[in-house]
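Input: structures, listed below.
Consider the two complexes below, in which chain A is the common component and chain B and chain C are the respective partners.
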Partner chain A sequence: MNATGLAELFFYSASMWWVIIPAVFIGILMGAIPGFAAHNTIIMLLPLTLAVDVDVALTFMVALYCASHLGGGIPAILLNIPGTGGAAATTLDGYPMSQQGKASKALALSFVASISAGLLTSAVTLFMLQYLSQVGFYIRSVEMVVVMLFGLALIAAIAAKDMIKGLIAGALGLMLGAMGADHIYATPRGTFGILELFDGVPLVPALIGLFAISEALIMLETRTVAPAGAARSMPTWTQTFREIAGAFRHWVLMIWTSLLGLVIGVLPGAGASIAAFVAYQQARVFSRTPEKFGTGHEQGVVAPEAANNGVTTGTLVPLLAIGVPGGSTAAVMMVVLQFHGVPFGPRLFVQDPLLAYGVIMSMFVAYVFMLVTLFPLTRYLSRITVVANYYMAPMIVAFTLVGAFVPRNFMADLTIAVVFGLIGYVARKTGYNVAAILIGVILGPLLERSFLLSMRISGGDWTVFFSSAIGNILWALLAVTLLASPSISLLRRMRRKGDIY
Partner chain B sequence: MSDDTPSGRRQVGSDLIIPVAGIAYAVYYVYSVWDFPPEAQRSGFFLAGLLVALCLIFFVRIGILAARGRVELEFDALLGPPRGRLGRLGFVALIGAYLLTVGTLGFTLTTFSFLFIGSLLAGLKSIRRAAIFAATASLAGWLFFIVLLGTRFPLGPFEALVNMVTSSWR
Partner chain C sequence: MTKFTKRTPALIGRRGFLGAAGAVAAAAGTGGLFAPGRALAQEFPSRNIDIIIPTGEGGGADRDARAFASVWGNHLPTNFQFGYYPGAAGQVGYEFYMSREPDAHSLIFANLGPEVIMLALQDTGISVGEDIVYIQQTLSEPMAVWVGPSSPFRTLEELVEEGRRRPLTVAVSRLPHPASIGMLALGEALGIEIVLVPYGGGNPTAMAAITLEVDCAALPVTNSIVLDDQSLVLGIFADENVAPDGTDNAPTVNAALGTSIPALTSSRAWGIHRAAYDAYPERVTRLKESMAATLADPAYVEAVEGAGVPSVFIDPGDEAQAMASAQATIEMARRYRDLLTGS
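So, the complex of A and B:
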């Protein structure tokens, strides 16, 4: 597609402002409520998306999807509760910033990183769509196992204070994630005979329990999230815009973590949570101040937020190019597009190329609108941290339990969320990383499926995991990732002691 | 590890809860796949073995520290500061009560009761403010989650009454 065509497409997408603006606000609101992820919201609004023209429906869904990823970071920063799984990594440094009275700055970083990543990755995708779509063809179950192991390696890296506790938390998460019917014979395992667990641990109630309910219980020990002085210190407009401008200092980190998110998003099944943690860990490994991560470091907010918005663009690539949705929201979009009779894969680019590129352009335009409408919000949203916890804690429990119920409409999911809440509470009080448990729960079934598939294909031969060039490169990268962080710390320690120069 | 005590020794009793629970679940998981064909047992055995091995390493570490007299088996840190502890325990019990009653009382009434009692247990002193807060938040929640989004959360007497009134207008 040439420059004139792209310009025409941009103005056509921008003319849909009347769809994009409400979709952005609904997306941010729903993204900020755990359990109401983009795909749930689109499902709820399905009658609307099926009734309008396909281009209007697509623009609405894409804008809502992008905005929900941005919205997921807001409660992660302000309340230590990620609105979506992709925002779990944001809690690691976003929430400590709020506790230090820097909520407004953390939100500015999150918004700038998210919007910049969205604009960059959608622009890159517009030019590279046909090439990016090939990535999905080269990633099979063997390579997926190594990608998952990347996620597992992060568990150890995230729990920097005590690696053994981090590993135990991750292994417990994996064990819980392996609950439910086995992938070969569909026989239930470790379910305590509870019917609602036969499909495995439901992710949304687990997320709500581990983060929201446990956090609400911890909140009751203090009066507010922010320090007492922050109650009187609402940032001025000048401060707000200075914070926004200051966030652009991290442009290099934003670029490479958003591209990392884009590539991970293209892999079907990988998703925003893995991308955000990979980006967080990579940012820490290559940071000049890795020891500051986890204490309210700006880079610790920028990296995961840029990556999880990079993923939003990436997940649409395999859907458009090969007809395989890269994530749950893309799968819901696929249903809507199929209803409208839209073809996928190479046929889409032959029959209706404008629609294919229009999806990505709508995304670009949605981020442009967010740029204008959202930045001023950082000034007001940060006030949430000074609301008394005796209001916040009961409200968090009551409203997030609705979110736990929504995806499956099972009353048992409320109990599952509360049980995970108690696990999360004990984990937080004793130094076991709840994000590591969640990553384990997310990765458990995916890893098991890819592992069993690879073993079946190879007839039980373990060397299959070292049989592909891409897989071997990923193994090498995994080893580097695991060894880089301790090696760099060791070198720094030796340099401080004067053993080396 | 958990907080230091005045004696300078670290409290590690509560640190053992997650590994002990993890081992218990791993044993139960292995028991649940014991009769499966070997192909289906493989991943379960691997995961359970990994978790148990890590927990054992942790126990050995705690054992060494205990032998050196640097830790003590206390669970006090788990419940947080003594101030307000009873209220926090009451709040946990209230969550249990919410789960038991929401199916019968429905979203609005359960949420109102939960927010009213919960805010008082959490430290709000004024009953009037608690009632205003609970009424406003539960009605806003009803409008948003039930009316606007149409979630299938259980409906109770309040929702039935509203439905009856609105249907009589038609």
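So, the complex of A and C:
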């Protein structure tokens, strides 16, 4: 596609501003409320999207999808409640920043990282779609096992602060994640006969319980999220723009973590949660100040937010390039394409290239619109942290319990959310990290699935995990990742003691 | 004061809104006292029809149910609300469906092949006929074995030849599935080892075949037709290939390999609680009539073709036919129980 074609496509997508702007605001709002993730919202609005032209429908869905990933980071930073699984890693440093009275700065970092990642990955996808679609040929179940282990390595990082408690929390998460029907014979395990657990521990109620409900209980112990001494006045416009400009200092980190998110997004079955966990862990490993992660470190906000927005573009690649949706949101988009009788996969590029490339361009344009509309919001949103907690806590519980119910419409999911809330509360009060539990709940089933598929394909031969070149490279990188941090710390300690020079 | 009086008048002011709200409330209240309200309550459907789909959104069942509902609304004046309950090979969706009020406003859109096999093999406590009745069949399609565009196998014979040297890995949606039975029967007939790899859905199964993670995939044939040039159909488990255009004119498995495997199909059908079937016969009749009218509507053919499904797979069947399809599937599941359950 030449420059004129691209410009034409850009202005065509921009002409949909009347769809993009409401979609962005709905997406941010829904992304910010746990349970109302993009695909649920898109399903709820399906009658609307089926009633309009297919290009309008796709633009609306794509803009809403991107915005929901960005929205998920807002409560993660302000209230320690990730709006989506992909924002769980953002809580690790975003919330400590809010507690230090730096909510506005954390939001600026999140918005800049998210929007930059979205712009970069949609531009890359526009030019390299066919190459990206090949990623699936190289990363299959065997390699996915290693990718999941990269994410799980974050448990080890969290455990570094308190090894026993960190590992116990991670193991508990993995055990909870192993509940439900097994992936091969669909035999229920650890469900106690409860139907609602047959498909495993539902992510949204677990996330709401571990983060939102437990946090609401903790919040009641203090007056506000921000410390008593934090600035009560709203940041000035100059301060706001300085913070936004300052966020661009992390541009290198933004670029590589967003590309990491893009690649993980292309993989079927992977998603924003994995990307964010892996990006956070890798950013920590390659940081000059790994010890600051988890204490309100700027890089700890940038990495997961860039990665989970990089995923948004990647998820659409299998649908566009092959015709198979890579995730639940892409699956719903496929329904809309089918309803309108529009082909997908390679045929879409032959029969309707404007629509095919338009999907990606509308993603790019949606991020441009977010750039304009959202940056000023950092100034106002940060004020949430000075709202009295006795107002916030009941609102959080009410909104998030609705969110726990929405995805599956099971009343039992409210109970599951409350039970996880109590687990989360006890964990927090006793020094166990709830993020480590959640990592186990999210990644455990995915790891088990990839492991069982690999073993089934190989006929039970475990050497299959070392049978591919890409897999072996990933194993080596994983080993480097796990050993790098303790090795560097050891060298530094020895250097301080004067044992080495 | 001037500030307020000069503002642009709203379409509905505060007083107007409150007045209208009061009138609506009064109408609703008095309406409840009079017969017309009660008379309306007798009408069916008196609320939205809930459609339970025991698989995920965006899958084949979703596609076919939506194609049907897009025309059904012309014959049954109500709205259709979709709910997706995947998990445990469809068991979650069925158990959830059974927990719904049996008043004929909740229906399940079934994929008779895999789901009836699941009900026959898993300990669900749900029995076809005693707990659930399939009242209308809509589509039927055969199972197919197919490969991705980069696969080294271009014919079924080549695939089987490879199978004589080593076990063949076959991606399937789930183990309790007619396509799985087809591949196991093929392996049994030719003395080759088939390793079924369940990916938990049509889309991931297709991806496994396209990316060459497995040797081939076995799925309902529409999955490969929809994928167009991303799939190459090697064989069909049927007596004849009724959709040669979309399937690269693939041979039937029996014709290509000289086997005598029974035709393996999966039919879509609307299911209803037995309790609702017995308690509300007039509602069931209304449902059946509107479903039959939908199937006879040319707009339905357009909707099916628009969704990428060949219209030749439209297979209207009444309750007797749908239940007979289910019964045949149960018998097949019993025959292959050991292979499907790993026992």
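We adopt the following convention: the second predicted complex is superposed on the first by the 499 of 501 C-alpha atoms of A that agree within 3 Å, B and C clash if a C-alpha of one lies under 4 Å from a C-alpha of the other, contacts with A are read in each partner's own complex, and residues count from 1 in each chain.
Please note the rule applied: contacts are C-beta pairs under 8 Å (C-beta built on N, C-alpha and C of every residue); 3 or more make two chains touch, one makes a residue touch a chain.
Keep in mind it's a predicted model, so treat the numbers as computed, not measured.
Residue contacts after overlaying the shared chain place A:Y185 against chain B and chain C alike.
Touching more residues of chain A than its counterpart among chain B and chain C is B. Touch criterion not met for A:I21: it reaches neither chain B nor chain C. Contact with neither chain B nor chain C is seen for A:L377 once the two complexes are overlaid on the shared chain. Contact with chain C, but none with chain B, is seen for A:L453 once the two complexes are overlaid on the shared chain.
Applying the stated contact rule after C-alpha superposition, one finds that A:V285 touches neither chain B nor chain C. Of the two partner chains placed by superposition, only chain C is touched by A:R347; chain B is not. Shared-chain residue A:A427: touches chain B; no touch with chain C. Applying the stated contact rule after C-alpha superposition, one finds that A:I255 touches neither chain B nor chain C. Applying the stated contact rule after C-alpha superposition, one finds that A:N409 touches each of chain B and chain C. Judged by the document's definition of touching, chain A residues 184-185, 188, 409 lie at the interface with chain B and also at the interface with chain C. If you check the complex, the residues on chain A that touch chain B are 44, 162, 164-165, 167-169, 171-172, 174-176, 178-179, 182, 184-185, 187-192, 213, 217-218, 220-221, 223, 388-391, 393-395, 397-399, 401-402, 405-406, 409, 411, 414-415, 418, 421-423, 426-427, 429-432, 444, 448, 451-452, 455. Only residues 39, 43, 46, 136-137, 140-141, 180-181, 183-186, 188, 195, 198-200, 268-269, 318, 322-325, 328, 330-332, 334-335, 338-341, 343, 345-347, 408-410, 449, 453, 456-457, 459 of chain A touch chain C when the two sit together in their complex.
For chain B in complex with chain A, the touching residues are 1-2, 14-15, 17-19, 21-22, 25-26, 28-29, 32-33, 36-37, 39-40, 42-44, 47-48, 50-51, 54-55, 57-58, 61, 77-78, 80-81, 84, 87-88, 91-92, 95-96, 98-99, 102-103, 107, 111, 114-115, 118-119, 122-124, 133, 137-138, 141, 145, 149-154. The touching residues of chain C, when paired with chain A in their complex, are 56-59, 62-63, 66-67, 70, 82-83, 85-89, 91-92, 95-96, 99, 118, 122, 150, 167, 169, 174-176, 195, 197-200, 203-204, 206-208, 210-214, 226-230, 305-308, 341-342.
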